[in-house]
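What follows is chain A paired twice: with chain B in the first complex and chain C in the second.
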Partner chain A sequence: MKELKVQYEKVLSDYLLNQNESNLYIGQNLVRQLMKNNISPEDLVSIHKQSMENIVPNLPEEVLNSFDFLIEVMVHFGLKLKEHQSLLLKQEEIRIEMEIAAKIQNLLLETKIPKPNGLDIGMVSVPVRKMNGDYVHFMHDDEKYFSVAITDVVGKGVPAALCMSMVKYGLDTLEYANSNPSYVLEVLNRIIEKSVDDSMFVSMFYGRYDLENDIFTFGSAGHEPALYYNSKEQTFTDLDSKGLLLGVLPEIKYSQTDIHLSENDFIIMVTDGVTEFRNMKNFDSRTYIKELAKSLRHLSAQEMYDKIFENLNKLNNFRLTDDFTIVIIKKY
Partner chain B sequence: MNVNVQFRAEENCIYGIIEGEIDTFTAPVLREELDVINLKEGMNIELDLSKVTYMDSTGLGVFVAFYKKVIKENAKLKLVRLSKRLARLFEITGLSELMDIETDKKVEPANECI
Partner chain C sequence: MRNHPTVKIVTELDIVAARRLSRNMAKEIGFGVVDQARIATATSELAKNIYLYATTGEIVVEKIEKNGQKGIAITAIDNGPGIANPHKILEDGYTKSTSQGAGLPGVKRLMDSIQINSELGKGTVVRIEKWLK
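On to the complex of A and B.
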């Protein structure tokens, strides 16, 4: 330390005599030694003050006091800087963990689109943040039935993702695609009501397709109604089914309804991220989607959702505000 | 984006006006504001939502949680003067069957509570 002080004083006095680049360079190179000796910035200011007192005798009181002031400021500055750096470090740790969690979620909740005979299925699900609060679950275990669940967890991010994993395992335990939608919703409601806190719940539209008779049976737990297009009559019907959100009250009963699908009929299932336009207060999104879908009816399910997503995303100025999911089932 | 609640208490009634947008960011604020209410048995709580310009499902979560709390204390909750858009949200989710909800009619809410 003493040696460093002498060295610093020498370098400083050289510089005061001649302010050239080479003297400045020597001073700058001292930093490495200072760091090696664990000299803090405030220590350096104190060394500087002592050196100045030696080099320039009778320095005005104000100048000396200003160094004391600087020492105190540097102490505080150093502390704040450390705090800031440790926060940055923590933030980075959290970011890495979130990324891993998102990867795990993607693996867990990966949806494979089945290809049952006679149906063309397409879907898109785009999360607004890293973790998706929407989830689509398909089941197709034999040639007789195919089922689909489209779900939306209230809230976003990690809590929603954790809740979603629970929904997925709930659906997995039901195992078969031929279960009645009303039964599926009742079972899931019990599971979620028991295990989730009061302000967390899930909306779900559940449909089962009887592949032999082309009958689609659906039930809804507080979910945005799906749209059914009847190609013969060229009309849309809302697949409305009043049922309470999953997880609000125990022992809720859900109803289910049958519809028959003919060639070229299709069903569009969405989450509220598709129909909700926050910045367009009087915009009737459902009518817009109906008209758009009608004009695209000659396309495949996949081409249809591509176009619908493209159009809605454009309307949202390419900034989604909520997780966005569409599933289209087309009878051919 | 902000949410703001103003309460007025009259005997066994609490009348609140909620103003602003309720979304993921403001919902915790609303929850805290509602949690301040000292619930008592038989109490009537009326929340005026006519000045809520936007609400997403997180907002619904706050009202459901509050509704459950109110029921537990044997008190009553009524949501009044909902815009069409808000009312639709409660209808689709099946909550309008469960909770006492009134759409934007020309009522004088203060008198109703007395």
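On to the complex of A and C.
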């Protein structure tokens, strides 16, 4: 400290004699040493004051007092600065933690797309933040049935991701793909209603595909309707089913509906991140997606979602506003 | 504790009185100008906490000595709502109201030690110390 004081006084007096760039440069280079010696801003002002008293005797009282005032201000300024730095450090810690959590979530919620005979299945799920609030769950245990659940937690980020893990384990307990959609929704509603915070809701579209008879049975808990394309009539039908979001009330009953799929028919299931465009109020996104899908119908399920994602992303100026998930099932 | 100089904190002006008391004591003990400023700032923060959250309380300033080393201790006593997690309050960003001042994490940095005893519904005692080096 003493040595630094002497050094500072020397550099300062050099500068007072000759105000050139090189003396300024030497002055700034002192900062590294000051920091190494843990000299705080207020300490430096004090060193400056003492140096000035030595270099210029009989300084006016006002000038000396002004340094005391500056010391006082610097104490507080330095405090706020340190607080800021420590918050930045904390933020970095949280960022690293989030990254790890997102990795774990990806492992946890990894979905393997099944390849049942006669069906072409493709999907994409892109989170808007690190953690995904959408989740797709497939089950295909024998050659008779294949089932799919597409879910969206109301909310984003970590809370949504935690809730999603529970939905996944709820679905895992069902074990077999042959369960009725209405039953599946009722079971999950009970689990979520019991164990999740009141402010947390989940929407789900659940479908079961009878591979022997090509019958798709579906039910919905407040989820965005799926789109069914009938290739013979070249028309779209909304696969809607009235049902409350999961987790709102206990003991809710859900209905289910059957449709029959023929060759080249397909079903597109989405989350609201696909159909909601925040920057375009009067845009009919469902009609847009229908027309787009119709023009792409000759492509495979994977090529179709690739193109749909590309188009919608472009419309959104390549800025997702919500988790984005599409599942396409094509009968061939 | 009764024998030590005390300032009752009721109005905002009392914060200034507490600063003055601690600064004068620090000067008397032999602290330099910069440390005087630190001690007065720390005292100011404690007094401000009383004024903002507990409505009334007091600041006690005392000279301390240990193994021939001299120092200063400032104790803030209030009968306010108390603090639920005294440990957490020392973490930066724990309270939003720190925007008013530097808060207790800042006070901790200015001094050598800080000790918080608090009971919900009864009040809080914060004692800070700084030693002459």
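The rule is simple: the second predicted complex is superposed on the first by the 293 of 332 C-alpha atoms of A that agree within 3 Å, B and C clash if a C-alpha of one lies under 4 Å from a C-alpha of the other, contacts with A are read in each partner's own complex, and residues count from 1 in each chain.
Note that a contact is a pair of C-beta atoms (placed from the backbone, for glycine too) under 8 Å apart; a residue touches a chain by one contact, two chains touch by 3 or more.
Because the structure is a prediction, the values reported are computed rather than measured.
Asker: Contacts for A:26 in the overlay, against chain B (first) and chain C (second): which applies, first, second, both or neither?
Answerer: neither
Asker: Have a look at where A:299 lands relative to chain B and chain C in the superposition and call it first, second, both or neither.
Answerer: Neither partner.
Asker: With both complexes superposed on chain A, which partner does A:46 reach: first (chain B), second (chain C), both or neither?
Answerer: second
Asker: Scan A:4 for contacts with chain B and chain C and give back first, second, both or neither.
Answerer: In the superposition, A:4 contacts neither chain B nor chain C.
Asker: Once the structures are superposed on A, label A:276 by its partner contacts, choosing first (chain B), second (chain C), both or neither.
Answerer: first
Asker: By residue count, is chain A touched more by chain B or by chain C?
Answerer: B
Asker: Once the structures are superposed on A, label A:315 by its partner contacts, choosing first (chain B), second (chain C), both or neither.
Answerer: neither
Asker: Would you pull the chain B residues touching chain A in the complex into a rising list?
Answerer: The touching residues are 24, 31, 53-54, 56-58, 60-62, 64-65, 68-69, 85, 91-95, 97-98.
Asker: Flag every residue of chain C that touches chain A in the complex, lowest number first.
Answerer: 32-34, 37-38, 40-41, 92-93, 98, 102-103, 105-106, 109-110
Asker: Quick one: which bits of chain A touch chain C in the complex? Just the residue numbers, please.
Answerer: Touching chain C from chain A are residues 42-43, 45-46, 49, 68, 71-72, 75-76, 79-80, 82-83, 86-87, 90.
Asker: Mind pulling up the chain A residues that touch chain B in the complex?
Answerer: 152, 154-156, 197-201, 203, 221-225, 242-245, 248-249, 272, 276, 278, 281, 322
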